[in-house]
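Structure first, commentary second.
Order of writing sets the chain letters: A, B and C. Residues in each chain are counted from 1.
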Amino acid sequence: MFIKNAWYVAGWASEIGRELTQRWIAGEPVVLYRTEAGTVTALEDRCPHRRAALSKGNLVGDHVQCAYHGITFDCSGSCVSIPGQDRVPSAMKVKQFAVVEKWQWIWIWMGDAGQADESLLPQTFAHNDMDGWEVVGGTIEVKANYQLLVDNLLDLTHETYVHGKTIGNTAIVETPMDYEVKDDHVHVKRIMRNTTPPPLFQQICNFTGNIDRWQLIRFEAPGHVSIDARAYPMGEDSLENGLRWFSLNSLTPCDESSSIYYWTITRCFKQDDKALSELIREKITATFMEDVDVIEAQQKLIETDTRGVAEVSVRADGGAVAARRMVQRLI
Amino acid sequence: MFIKNAWYVAGWASEIGRELTQRWIAGEPVVLYRTEAGTVTALEDRCPHRRAALSKGNLVGDHVQCAYHGITFDCSGSCVSIPGQDRVPSAMKVKQFAVVEKWQWIWIWMGDAGQADESLLPQTFAHNDMDGWEVVGGTIEVKANYQLLVDNLLDLTHETYVHGKTIGNTAIVETPMDYEVKDDHVHVKRIMRNTTPPPLFQQICNFTGNIDRWQLIRFEAPGHVSIDARAYPMGEDSLENGLRWFSLNSLTPCDESSSIYYWTITRCFKQDDKALSELIREKITATFMEDVDVIEAQQKLIETDTRGVAEVSVRADGGAVAARRMVQRLI
Amino acid sequence: MFIKNAWYVAGWASEIGRELTQRWIAGEPVVLYRTEAGTVTALEDRCPHRRAALSKGNLVGDHVQCAYHGITFDCSGSCVSIPGQDRVPSAMKVKQFAVVEKWQWIWIWMGDAGQADESLLPQTFAHNDMDGWEVVGGTIEVKANYQLLVDNLLDLTHETYVHGKTIGNTAIVETPMDYEVKDDHVHVKRIMRNTTPPPLFQQICNFTGNIDRWQLIRFEAPGHVSIDARAYPMGEDSLENGLRWFSLNSLTPCDESSSIYYWTITRCFKQDDKALSELIREKITATFMEDVDVIEAQQKLIETDTRGVAEVSVRADGGAVAARRMVQRLI
C-alpha cells in the first residue's frame, strides 16, 4: 500500500520535544521524542507485550517506559527492562525508524533503517531553512488518501477553478504545461507570459500591468512536491519588483484514507515584512482548505464508486499520472 | 439492490433552483439544477476525470463546470469543454437522468432514460397539486432501509401501538384488513365502522359520537404509498362533517441503510384554515418521528442479527409481503 | 466468540424496574424488566416478526408488548397475542434468559437456561451484600474487548505504572506474584512485606511506617475478578489499624469491541464513614479511568495490527494467560 523505503515528514522539529508524541505514518503507529542530548528518536508505538501505546508512557532518561506494565526500551528499540524478571526475550523489541531532523522538519524512513539515505531527501526543501529566505507554514489533517493531494499539486490548472480568490485565474488553464520524468523526479513546468496577476499576487506586489508567471514543480516520491513560483512585471525577467517563493508541500499518509499535509511558503523577498508573512499564512491556509473541501468530497465519491469504470485522463494529468506510476513502481 | 427503471422522488420542486444540489438516490450521487429556462436537470454527480463532485462546481449558463479542473458538461451530460485541450475523449461524459417536475416534487428515473415513462408516475400523487386540495408536507432523513418504511405504511396496525397520541387507537387492530395485488400495485383496505375517533381526528372534527373510518392504501414500486383516509360520523357516508385526506408518502433510498421520507397530507375540507394546516403539519411530523424511532432501532437489530432465522410473518403483513415480492421481481 | 453457558452481570438490581431496559450482552440484545411481583425477567430484545426492539414497547402486566405491532410475549418468551389474528405460529417466540438477582446485581446466563446453575455464581461477590461490609461501586462503558480488562486485573504490576497517584507504587512490581489454576478458577497472589503504602492507602489509614500488603486475586470465567486486598502495619497481621477490602469486578462484553465494567469496593472497616465511602468512590473511579485510557488505546493498536506477529508474554502474565486459556477452552 505504501512505499516503505522512503522519507516521509513526521512533523515539525518544533513539535517534538521531551514528551512522547504519537503519529500514524504509512499505516504504522510511531512514537517520537528527543533524547536528553536533543536527538529525535522514532520507535514503533506498539508494545510487543500486549500492544499498549508506548506514547502513553514515560520517558525515563532516553528510554521509553511503557504506560502499562513498565517494559522499557532504549533508543534503538531494544528492551532494557521487564519489571518482575531478569530475562529479556529476544522478541521483546520494537522497530527503530531512521530519522533526520533537517530544514525545520523531522523526516522518517519507514522501511529498513539500514537503507535510509539522507542524500535522498528532496533537496529543494532546503529552502525551509536557508539564509535570506523567510518561511511560513502549517499542518492540515485531511480525510483523503495522500495521492489525491499529490495529484492536486501536480496539476495546477485546478487553481483557476478552486482558487479564484487567491492564486488562480484563467491564465493558468490557458497555458499548456510540460512535464518530464527523470530518474526519481517528475518535473512539471508552466510559464505564463503577459498575463494578469492573480488576486493574492496583485495584493502582495501591486503590479501596474501584466506579468510573466512561472510554476516549476518537482515531485519526489512518495509525497514531496516543491513549486518554484515566480511572478514579475512582463518582460523584466528580474525579481526586483516581483515575487518568488517556493511552495514546499509534503503529504504524509496516515492510513489509506487520511493524511497530513505539511506545507511552507518560503520567500526571498521582503523577508522582514511580518505583516506580509501573516497575510501569506492566512491566504494560503484558506487556499489549501478550498482544496481539502474538494478532495474530501472526491475521496467519498471514490470510496462509493462501484461501477468499475476507469478514470478518464486529460492532457494536464501528464505529470500526476507519471508520479502515480513512479509510486506504483516503487511499491 | 435497487430498482433502477423506476421513478423516485429527488426533492421538492421548491428546493431545486440555480444552485447545484447533491442528492444520493439508490446508491448514486446526483446533481440537480434548473436551466436558465427553468427546466430541472439531473446528472451523475461524479466527474469521469478524477471523481470530483460536480455539485461543488459552478453553473455556467446551463452547463455544469466541475469544481476541480473546470471540465464542463451540458444538460445531456456531454462534455463541452476540457480546459487546456481541444480533444474531448468520448468517455468524458456523465449520465443524464430523466426528470419530471410534477405535483410539487421532482421525480427522477434512475435507470435507462430512454425507458422513462411519465405515465408510470403514481397517479394518486396528483393530489399534491390539485384545485380544491390543501397540502402540507415535509422531508425526514431516516437511518434505515427504505423498505422498512414501506412495510410500515402498508401495515397500519402499528398505529395502534406507535401513534396512540394522534392517529392510532384500538379500532385499527380490531378490524381486519384486505389486500389485493394488481399488475403493478398493491391495495390494502381497512374499513372500520362504528368506532371511536383517534385523538387527532377528534381534535380536527369535534365528532359527537362514533365514526366510520376508511384507510385505502395503494403501493406502487419502488417506494410510493398513498393512503386515502376518511372519517365521518357513523352511517352518514358523507364528508360534510368529517375528514378526508390523502397521506402521500414516497420513500427514496439513499443507500442500503439510509433513506429520505417525503410526505404530504393533502385535504379537501377546510382548505383555507391555515391553523388547521399548521396543526396537521405539527402532529403528523411528530407521528412520523415516532415511526423513525422504532424503525431506526429495527434497522440496527437487523444489521446485528447473525442468527440466520427467518422473520415470522402475521396476517397483517399480507400487503407488505406482496409489495416486497413485487420489488424483488422488478429488481 | 463468547462463552454462552456462563453468568454475566446484566446490571445493578437498582437499575431494573417496571421500565423495559435494553442491554447488549455477549453480542445479543436483551430486554430486562421486573414483573408485578418484582421478579427480574430477561428476554431476547428482537421481535421474531420484523426485528423491532421489544424494549421500545410497553409492559402490560407481566407481558412485553412490542412497540411496533403489539405482538405480546409472556415472561417465558412465549407469544400470547398477535393483534388481528388468533393463531400464534410456533416460531413466534423469543428466548428467555435465566436470571438471578443477587448481591446487588442482576446475573444473566446467556446460553441454555436449563443449564443455568446458581451455584456457579462467583461466591466472593457475596461481599457486595453482606452484613458488616460497606459497598461503593460504579459502572463504566469501555470501548475495548472485555478480555483486555480481565488481563488488566490479573496482572496488577500495571498499578505501578498506571496508578501511581492512588493504589500503585514500586513495591508491587518488585514483588513476584504466584498463580495457580484450579478447576474453574485462576488464583493470583502477591504478598508484599515491609513496603511503603501507596498514596490512597496512606490517605485512608495514616500509617506511621511501612506496611504488609496482600493482593489475593480470583478469576472465574468469563469475566469475574475479585481481589481480596489487605494492608496493615508491618508485622501486625491484624486489621485493627489497617485496611481490608474486596475489589469486585465483573466485565460484561457487549460485543467484540465494547464492554461494561461493573465494579465495587466492599470493605469491613469504618463501615459507617460516609466521607470515606465518597473518597473511595472518587479515587477508584479515577483509577479505573486511567485503565480505560490505556486499554482503549490498546484496543485500537490491536485492531490496526496487520503484522501477524505474536504477543511476547512475560512472567507476570501467568495468571492472565491461564485465564485466557480457560475462556478459550470453555468456548
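Miscellaneous remarks
The rule is short, and it goes like this: a residue touches a chain if its C-beta (ideal position, glycine included) is under 8 Å from a C-beta of that chain, and two chains touch if they have at least 3 such contacts.
Owing to the predicted nature of the structure, the values given are computational and were not obtained by experimental measurement.
To overlay subunit A on subunit B by their CA atoms, one rotates by 120 degrees, a value rounded to a multiple of 5. Annotation: the subunit A:subunit C pair of sequence copies touches via predominantly different residues, less than half of the used numbers being shared. Centre to centre, using the average C-alpha position, subunit A and subunit C are separated by 47 Å. Residue positions of subunit C touching 2 or more other chains: none. Within the complex formed with subunit B, the residues of subunit A that make contact are 148, 151, 155, 157-158, 160-162, 173-174, 176-177, 293-294, 297-298, 301-302, 304-306, 309-316. Against subunit A, the residues of subunit B that register as touching in their complex are 27, 29, 45-46, 48-53, 56-58, 65-71, 82-85, 89, 91-92, 255.
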